Amino acid sequence: MLIHEFQAKKILKELGLLVPDGQVAETIEEAKNIAQELGFPVVLKAQILAGGRGKAGGIKTAKSAEEVGLQAASLLNARLVTLQTGPQGKLVKKILVEKYQEIKREFYFGLSVDRKNERLVALVSRQGGVEIEEQSRSQPELIKQEIFFPETGLYSFQRRNLAYFLDLPAEVIRIFMDYMEKLGSFFLSHDLKLLEINPLFLTETDQLVAGDIKMDFDDSGLAKHPELSPLEDLSELSLEEIRARKFKLNYLKMRGRIGCLVNGAGLAMATMDIIQYFGGQPANFLDIGGGVTEEAVSQAFEILLSDREVTSALVNIFGGIVRCDLVARGMVASARRISLQKPVVVRLEGTNVDEGKKILEESGLPFYFLSDFEAAARKAVELSQVKLKE
Amino acid sequence: MLIHEFQAKKILKELGLLVPDGQVAETIEEAKNIAQELGFPVVLKAQILAGGRGKAGGIKTAKSAEEVGLQAASLLNARLVTLQTGPQGKLVKKILVEKYQEIKREFYFGLSVDRKNERLVALVSRQGGVEIEEQSRSQPELIKQEIFFPETGLYSFQRRNLAYFLDLPAEVIRIFMDYMEKLGSFFLSHDLKLLEINPLFLTETDQLVAGDIKMDFDDSGLAKHPELSPLEDLSELSLEEIRARKFKLNYLKMRGRIGCLVNGAGLAMATMDIIQYFGGQPANFLDIGGGVTEEAVSQAFEILLSDREVTSALVNIFGGIVRCDLVARGMVASARRISLQKPVVVRLEGTNVDEGKKILEESGLPFYFLSDFEAAARKAVELSQVKLKE
Amino acid sequence: MSILLYEHSRILVQGITGQQGSFHTEKMLAYGTKIVAGVTPGKGGQRHLGVPIFNTVEQAVRAEQPDISVIFVPPLAAAEAIMEASHAGLKLVVCITEGIPVLDMLKVKNFLKERGTLLIGPNTPGIISPGKSKVGIMPAHIHQPGPVGIISRSGTLTYEAVYQLTNLGLGQSTAVGIGGDPIVGLKFTELLEMFKNDDQTQAVLLIGEIGGTAEEETAEYLKSSYYPKPVAAYVAGLTAPPGKRLGHAGAIIEGQQGTAAEKLKALKIAGVETIENPARLGKAIQKLLMGKN
Amino acid sequence: MSILLYEHSRILVQGITGQQGSFHTEKMLAYGTKIVAGVTPGKGGQRHLGVPIFNTVEQAVRAEQPDISVIFVPPLAAAEAIMEASHAGLKLVVCITEGIPVLDMLKVKNFLKERGTLLIGPNTPGIISPGKSKVGIMPAHIHQPGPVGIISRSGTLTYEAVYQLTNLGLGQSTAVGIGGDPIVGLKFTELLEMFKNDDQTQAVLLIGEIGGTAEEETAEYLKSSYYPKPVAAYVAGLTAPPGKRLGHAGAIIEGQQGTAAEKLKALKIAGVETIENPARLGKAIQKLLMGKN
């Protein structure tokens, strides 16, 4: 679970760490008021759950109330397209208005899970504000890392190693070590996957201030931390995605024309892949999961078919835990509800497959049955290219 | 640092664990009042920093105020001699008056450092109230242990293993697991060396109540926990020991006639041993340590010589960090102060030995110089057997 | 003779009385799996589906000497369940549970490393050695004994692969789901090493997916070990968008790392028969086996 | 050729600018010890007693490639200092500091185990290979090179032993203080193993004391290894009362465990020449060496 910059900064403040003075605005008026109170210049930062905002024009400076008004107007309720949002961009509903910082230097500090080596990494760079993955390739000499484990956390000598690597002023060494300790503890106690302060400012007065923060919580860890759930912002999800979440469906909207309903993440990806292999484009990723209910299937099917872009659908169920008859019943229910008009190719295998097929057949609805995976995919692609009957 | 039962029980209460209702009394009157408030029967427990109280008559039951008065009178201000106090016993200044518990069963639960294997051990016994070391030899089948480490603590499955081993009623399993978790955390966070609940009562109402507790804190860890220092009870120390502590001297009173002043724990023990080897008895263990001051040496020497039992002394200094001249100066200062009347054998070696000898010689005081370790020991033994000049 | 799981393997089920545990224990028993004990704290002494239940793994081990434990306990208890099994001396643990926090799994891995316990999963369908035993949740009827070893990060996609193979008359030696989480126990390389030494296995099918670098490491291993048996691989997620989790916690392209295209490229360079059409998983293996004979 | 410490050994001093660190660094330098670097956070870049100072061990290692680190930092920082040295790649660490909490030391031992760093101490006078190098706080002038290896839990008592040996014309190959704490690094057995393989060493003197079971384990080791060199042992504390700490944190008889009498008995049974009179440490070794020739 990613959270917004302004949310992460609030957490930092609660940990006793410094962030620029600032507040969130949802309207131009609010932005102006906050700026007046802070004093000029200020920085306006679009709050979306994606990086790359700077280059994409999502971060602006303003020296007067008038400029704040103009900049806020350009950001609020516009769609911001960054390298990470995908081409459709993200709607900006909030901006963070912050006091502009006079700085001496900027660093990078990050904590993350090193999946390959199965350990945690604390990483600093002498030069922050840039993309760290790229920097680690182009200027590795600017970067230093210390590995650590959840049982023991970052040792103080490791924090010292990192602090001295940054050539910090003597008085700042201790402050930065304390900074790392607090964030390290928070990372471990709250099941984070990633925590990045980039840039980390060293101000003219030798204070360490978090310029920007990214916090990504492990979804699997959220159950341990109910206090975090209010931080989740669902407003960036499509209506379909919100609806799917409610029924615990793994759904992701894509840009193609062929809706997919599959059980299992791997098979769902493979179904998308085979559609593309035969020249089609999947409209979504959808894994109904193992413990799915008839109602959830019905919702899933409805989500698929009510997508205006979708011109055909491919249902690919390999019944293991999931019973084919349950899936069939769910499909029929929703197809009746929305009076199915799009062609649906159905491939059922596994548990209770015959009963499932019978239910679909007896429904009298226009399903195409194909037991061969390849043939089913080809058919779905073919049907997606046929213009819909009006 | 050992603490008293009543202190340890207070800690348990603060951790949310159950101990019998009770309070500490220093007078017979107080004991009666507490008993009246608790209701009868009550248990009176002598508070001394040593085990083996039960067998030694340090724990009494009383069914009436009158009985409380009699028992309290027999305990308070008496010297209690147990297997662990040494023959001189310990003066009882406080008694813990507790409500008598109706119990179904009693267990043992202990956490300790396994020095040999360099790990921690949680140990339970199905039958508490007895000496666990002996039980582990005679009835090992009653005992189960789980090893653990300070980085990770006791895992819940380990606590479950221990809980089920005790055949606890189903409802008590969770309570005991919680019990162990809290004590395990306290052990680790407060640098304990030993924590024993023996016996741990299972009451008629299926509550787990700590019958008796022993808590021994790691002296080296106390610097981390200043909040623990008020728990230290120096009242059981001899006046000499208290004085020695003030000057950071490692001093321990023994029962012999030959006082020893040595630098280094190993050499101090060896000096005691050689005295015994030649038929004498050391009056004390005394390691003046490496960072000793002249004043501390002077205090140490005075403590030695003012011991009425002491008839001779052996000073054995192997100057490494400690300078012989400093030791000599300290000795002369105190010898003058108390006008030395007991014969002192001096063996100095190492750093600044000549200067040290010169200082002693020039003092005009009756020191016997012997540079051979064996000869010095023999001489000290010999002198201790000579009757002092009146 | 298959890997990891044999006809005589004695199985312990942790969480046997739960809904999932019950359901699949019944199916495993039906397949002939030797389930010798179950663990549910508080239910020790009872029997469930004819299997004796114990309060702790330790007690179960003492009474029934299982070789393998399979875990069906909820996500926040599963890390401890794995460690409990290892602590009690089990040498192989199969964890079906999905949704164990990553930091918990890091601790588990450190714990197991010191004790030499092997872990399959978590978030895996389990292991099946067709005709011998099944420890997991896969539909048994699609399997048949034969020469193909399967190692997969996915569940249903493995069933698809097995189904295709069986329909072509090609049975499986052992099919192992390594799990869809970012941190799992045994990975492709360790299992490939086992298949290498297994007489029954004549070819291996790998099923990877986006996220992580397990496939790239596998390519490295295959190259440097001059792997002696033919290997085919499919990697799901060529169409997956970056930065999005696709079902499995581990199936996410992070930065430029973890794309299916890169993985396929690395495997191809390592001499693996890469498959782009997931309907041809069986056919690809068939081709390899024919080329071999 | 001595053990652990050689003429060419390059030494790092952690806590070099502190009072103890300064004092003993000067003495070590005077003895000819090759001190190549010191560490005091915040003083990197300066020099102290002619030795370059660094902020971290890592920086010191990169610049000066020390082989051994000797630690003079305060007790509550010492555990981290040991781990820092190990983390930076040092293979031998000598920790002089007294008073490190036991739980901290347990963590240190786990840390070192995984990284293969050897530790001497804490609460040790250090190591000296007379005529070659000294890493510690012992008075150097009483030592001379020769055939006797010494392993001791005590400081001044070791000086006593060395003094007796030197006065008898018997020099030392290496004298190692293993430390007086309950949890220490290398123990008698590991060092005996090193002395076994050291040509210069012809006999070994062990100096034990009350507390723990290190001497009993040593007896076990000597017996089972058919130790090929003559060994004499003294155990301090025959007169020590139970339950009382005698100076060293580790010198305490707990329950019935750790008495000097038991230890001596075990060593005697193992064929060790046990010494009851601590004024005869040198003589006992002399006798052994004469018996040998």
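Quick notes on this one:
A, B, C and D are the chain letters, set down in written order, and residue numbers restart from 1 in every chain.
To be clear about the criterion, a contact is a pair of C-beta atoms (placed from the backbone, for glycine too) under 8 Å apart; a residue touches a chain by one contact, two chains touch by 3 or more.
These figures come from a predicted structure and were not determined experimentally.
Common neighbours of chain A and chain D (chains touching each): B. Among the remaining chains, the Cα-based centre furthest from that of chain A is the centre of B.
Between B-D and B-C, more contacting C-beta pairs join the chains of B-D. Centroids of chain A and chain B (each the mean of its C-alpha atoms) stand 60 Å apart.
Distance from the chain B centre to the chain D centre is 28 Å, each centre being the mean of its Cα atoms. Centre-to-centre separation of chain B and chain C, using mean CA positions: 56 Å. Averaging Cα coordinates per chain places chain C and chain D 50 Å apart.
For chain B, residues touching at least two other chains, in rising order: 151-152. For chain C, residues that reach two or more other chains under the stated contact definition are 107.
Arrangement of the chains shown, judged by which pairs touch: an irregular graph that fits none of the line, ring, star or complete shapes. Pairs of chains in mutual contact: A-B, A-C, A-D, B-C, B-D.
The residues of chain B lying in touch with chain A in their complex are 151-152.
Those residues of chain B whose C-beta lies close enough to touch chain D in the complex are 50, 84, 86, 113, 115-116, 118-120, 133, 149-151, 188, 191, 193, 218-221, 223-224, 250, 252, 254, 262-277, 282, 285, 287, 289-290, 318-321, 349-351, 372-374, 377.
Interface residues of chain D facing chain B in the complex, by the touch rule stated above, are 23, 75-76, 99-104, 106-107, 109-110, 125, 137-139, 142, 152-160, 163-164, 180, 182-183, 207, 209-210, 212-213, 217, 234, 236-241, 243-251, 255-256, 260, 276-280. By the touch criterion stated above, chain A contacts chain D in their complex at residues 152, 155-158, 160-161, 164, 170, 173. Looking at the complex, you find that chain D touches chain A at residues 41-42, 44, 55-59, 80-81, 83-84, 87, 107.
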